[in-house]
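Naming follows writing order (A, B, C, D, E and F), and every chain is counted from residue 1.
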Amino acid sequence: MPRKHAKEMSKDEFRSAMKENPIVILPIGAMEEHGSHLPLGTDTFEVEYVVDRLADRLNAIVLPTVPYGECRSTYNFPGTISLSFDTLKSIATDIISEVLRHKGRRMLIISGHAGGNHMVALKLAAQEAVRQNRDLKIMVLSDYDLVPDFKEAKIPEWDGHAGMAETSRMLNIRPDISRKGRQATKPKSPEHMILPDPERLFPSGIMGDPRKASPELGSRIDDFILRRLVAMIRKNLD
Amino acid sequence: MPRKHAKEMSKDEFRSAMKENPIVILPIGAMEEHGSHLPLGTDTFEVEYVVDRLADRLNAIVLPTVPYGECRSTYNFPGTISLSFDTLKSIATDIISEVLRHKGRRMLIISGHAGGNHMVALKLAAQEAVRQNRDLKIMVLSDYDLVPDFKEAKIPEWDGHAGMAETSRMLNIRPDISRKGRQATKPKSPEHMILPDPERLFPSGIMGDPRKASPELGSRIDDFILRRLVAMIRKNLD
Amino acid sequence: MPRKHAKEMSKDEFRSAMKENPIVILPIGAMEEHGSHLPLGTDTFEVEYVVDRLADRLNAIVLPTVPYGECRSTYNFPGTISLSFDTLKSIATDIISEVLRHKGRRMLIISGHAGGNHMVALKLAAQEAVRQNRDLKIMVLSDYDLVPDFKEAKIPEWDGHAGMAETSRMLNIRPDISRKGRQATKPKSPEHMILPDPERLFPSGIMGDPRKASPELGSRIDDFILRRLVAMIRKNLD
Amino acid sequence: MPRKHAKEMSKDEFRSAMKENPIVILPIGAMEEHGSHLPLGTDTFEVEYVVDRLADRLNAIVLPTVPYGECRSTYNFPGTISLSFDTLKSIATDIISEVLRHKGRRMLIISGHAGGNHMVALKLAAQEAVRQNRDLKIMVLSDYDLVPDFKEAKIPEWDGHAGMAETSRMLNIRPDISRKGRQATKPKSPEHMILPDPERLFPSGIMGDPRKASPELGSRIDDFILRRLVAMIRKNLD
Amino acid sequence: MPRKHAKEMSKDEFRSAMKENPIVILPIGAMEEHGSHLPLGTDTFEVEYVVDRLADRLNAIVLPTVPYGECRSTYNFPGTISLSFDTLKSIATDIISEVLRHKGRRMLIISGHAGGNHMVALKLAAQEAVRQNRDLKIMVLSDYDLVPDFKEAKIPEWDGHAGMAETSRMLNIRPDISRKGRQATKPKSPEHMILPDPERLFPSGIMGDPRKASPELGSRIDDFILRRLVAMIRKNLD
Amino acid sequence: MPRKHAKEMSKDEFRSAMKENPIVILPIGAMEEHGSHLPLGTDTFEVEYVVDRLADRLNAIVLPTVPYGECRSTYNFPGTISLSFDTLKSIATDIISEVLRHKGRRMLIISGHAGGNHMVALKLAAQEAVRQNRDLKIMVLSDYDLVPDFKEAKIPEWDGHAGMAETSRMLNIRPDISRKGRQATKPKSPEHMILPDPERLFPSGIMGDPRKASPELGSRIDDFILRRLVAMIRKNLD
């Protein structure tokens, strides 16, 4: 089976692979507090799990994961290591530009972290690229964006960061460093306020109910994400 | 009655007013295509209408409206005049910094335009300000963010840009330059794709059904927005 | 009569208007201390008054006024809200670029504020634009630049900010919020010094003698400015 | 044994670990052509191998590897994906700043790639940090900087990129995706010239003689690097 | 006699000299077309001549001349080598900052070139510095700003770039590379237009009448400038 | 003999000279501590001496020297006046761009200062230029880079900044302001550490042994540098 991870390819293998007009996947992770029960690299582990499987089903090249993102609401917790908005945007801008230089014309930027600023940084980079390169097909999303469509199990609407779905996924993906979590938190944010200390709204570092998480549920969510991604890519990037 | 618009105050009136720790309101508009039936300055007219009334009910100072925003999906239509993301962010950063210099400690940045990039540009400026000035209370939102909560009439869930709600509001606010609109468009966007030409998804420039708009409905929506804003501000900025 | 303010046009009206190769006017105001007798938005009111009448006499489209500028000597007074030099330049750069995108080839950037830095920020943006777009005809000035040529009445040579001419114009334009002013100040600046506190040279916030102002004089000055602008535009932008 | 990789720690584990004033290690890799016999991620694999072992011998926390660098001489080969100088510097600046925010006071930035620009980008970030934070102890180097000191075997002085030493190391570290290499290249660069096409000096993508590489030699070099690093860190960062 | 040029001092001499709180002079020149009769470095030669004599009369340290400036109207002539506005501003910002670091508290930035953009770049740097360092006394001017006050001989009001006064000065300062000039040009600029090709208004590269220049006049102008500078500095920087 | 210094040429002479496709030389100096025995402008004096003689032997135009550089290890000594990395890079970028605009296609950027950051700033500017202008031939080096090849006398390998070779050169070039130096310093830097206070490693400001310097040696080194430069330029820039 041919290699899918660009970092494992030689220059010749890369050149050959690019000739097939593959989907070039850029995974984006994060170093971010995820409660006391999940690791700081949760978003990285999730996106790498998904992308690994995705690349098996498509003609794809996987670029090395950017393991840092822009983190806002968890900023003040121990362990969050955030890039600035501009740095993250520059990374995406540079890498898209390099993919275009190597004649890539189909790209997927997929992020394990789904913060509002973070996603806009990635999208701005992609928007500027398509304005200059109208033949570039590029999709930008977080795998987390797909979770609300998962209806096979009852996940509270307010479940989110380090909650039931995310904890389940991590129990599936990295059970060695993930636990169920002991408390639920439903943060009640003062609407539209820009706070210097959003962490006081969820001192547990959790937004959701990770007590109900299970590896089985995680596995089903991961499968669901994978199926949805494959369908969307087949529809839009082909 | 004391003046509320800063541009109409003398330096002495401004100084006096600032001593009362007023809510300093920065309205943000846009120059953006809004179908064939609404004017390019729709977002500006809307936000100025709301802010004018809001300032009557609160201890507030209204700064001059920034009449340009960052526009993405309507970018390629005639009449859209968009600032870059960085320019918009710099404007907000500069003005917040000036308000802080004049000892303002309560701010509302309210935008008539609700684009994703646009709102993040404003929020980033506010986030950086609160990190440096922890006693600054600042709220950033689009008046449009409040419309989905309006349940007194049946507005389609997919109604949006230049649609039923927005057209109704403009029929209430500027009937002289607004019309009902002759067609509905429900754009079907390829999920998560970053397109060079999003306008092809809604060639009418409309996302929604402006045929059902009415000034009465607009008036009720505007009243609803106003009530919600007053309540939120009283709760969070006091 | 066709509309002249772009914000009141629909996208279709804008497109039609642009086909006539109109003069696209970008008015720039300011939020700046103007003594105790004039409002902070003086520069905005003045430029909008002029531009409104100008657009009646020419094939012109008026863009929304940028109501903030870069203010240096009045910086430390209450009420001055200044953009940074770079922000102002970016605004002008972005808007010129958008006008070019919509095929505008004749532009007038006219500012109510005439500060040295402020005007250079606008001119730099225009200079970079003409280097890249040699068919762009663009004029950049402050309406204030024309006042010294007004010889119908005796205005002291040292009259300036919030002085006799400016106060007269405001008594003509916005008598409801303008007064004559009670004192004259002839600031004596230490030549070529860059001061942290230039306001100490004119604690009144006035440079000139607003005691002699009158609405009649203001009206004549405004008419003079208008005639000069029309003549210059006919000569240079046609 | 406590975890050493920050991405595998929970927020609580991270907080505890930081209290011990550990050496915070930031590994920097690259995506860069390395001949036909080595993978594009060679610099990443090398630095991760070293850092993993290093962290076993010291009180250290390993941050996620930045898997991209700034690549100049290999820029035009297939597979090189280079960040701009400014992006790389911003990444290092942001992460150092975050480590300082979390009270880290001992840092090692170690890069698998040793390009001149690349290393200066990292050093500039560190230099600015120490000027602002005089109690920060920080070391910045490439593991490659230590290879010339290795005298246990005869490595040609001109051996470098993808050559005898680097290939040997990769045969030790990732034998599954590395091969010996079939040709030697001793590039003869026109002194001090800045070329648009430096790749023409070594069309093989190799600077050195990878034909003589062996996993045994690689193992000895890696051990040597490790010993040297431990010694330097004990001496300078304690 | 103690040295006045910083570049000729040793570190110890510099430290001693700085203890006397000298006036630190930063001369700014330019590389700019000056007709067919004057050299490209005219502004540099002029400012260095003045500064050299100035330093003999004051307690001053002269920094090395920045021999490039921002040139706008002469941009398209052969020989003009212009820095961008931002580069020039950065140079001034950096050097002011360094002077402050070495405890300099009195500065004169004097430019041989007097272009509008150019002077604002220098002033902006100084303005930002005084806002942060209120004990810094700094003067920014062009020696050319003082020429209009010279009334001992009849110089046409419209005389300027490479004209009667400047040519006279150069005949005094560098007679070996300066000539009288053979033609007068009185450029008639379309008012307030921003032109891509301002050089067409004065194809000779001259604005003024260099036919009437003489070394005697130049000597008197230079003496006048020197006296005025000494007086201003004594008054304002002491 | 035709002029070689661009600042002494008229616009017409410059235009003529450029038609011959000369080597355009940009000398870069520095303001930097050089012990108690050498002047702060040592790097400037050295590079100007070399460039002056170089231009006599080649078809060359010499641009004005940039007399400031980026200085890192000497930063905290009295007299060092350092530009930031970005400012220095911008200067080089701007000037290269101007040379290209005037149709220069052969360039030499030669620096008297050889700091690591400093040289990379210059090289980055040149690298970006050649990527955009593949017909530009450009060489970037420090004259100091050539000294280690000088084998006619025994200079200690660790000799460097203000040491035997540099002091000898200055005794040759500017004996009026240079002395032999009274002490040798062999700094022992903690390897790869980024220090806030590198000056503590060589409190004399010297790295080397200037006690053994002589003008004769300096003259021979300068001749050697000159010969090497001429040879390299003939080989690579013709």
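Everything below uses one rule, namely that a contact is a pair of C-beta atoms (placed from the backbone, for glycine too) under 8 Å apart; a residue touches a chain by one contact, two chains touch by 3 or more.
Since the structure is predicted, the reported quantities are computational estimates derived from the model, not experimental observations.
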item: Any chain in contact with chain B as well as chain E; value: C
item: Recurring contact interface, reference D-F, options A-B, A-D or B-C [over half identical by residue number]; value: A-B
item: Relative to chain C, chain with the most remote C-alpha centre; value: D
item: Pair joined by more contacting C-beta pairs (B-C or A-B); value: B-C
item: Centroid spacing, where centroids are CA-atom means, of chain C and chain E in whole angstrom; value: 30
item: CA centroid of chain B to CA centroid of chain D, Å; value: 49
item: Interchain centroid distance [CA atoms averaged], chain E/chain F, Å; value: 26
item: Two or more partner chains touched - positions in chain E; value: none
item: Topology of the chain contact graph, where touching chains are joined (line, ring, star, complete, other); value: ring
item: Running round the ring (origin chain B, first step to chain C), the chains in order; value: B, C, E, F, D, A
item: Residues on chain F engaged by chain E in the complex (per definition of touch); value: 3, 5-12, 14-15, 18, 29, 31, 33-41, 44-45, 63-68, 77-84, 86-87, 90-91, 93-95, 98-99, 102, 177, 205
item: Of chain B, residues touching chain A in the complex; value: 72, 85, 116-117, 120, 123-124, 126-127, 129-131, 134, 137-141, 145, 190-197, 232, 235-236
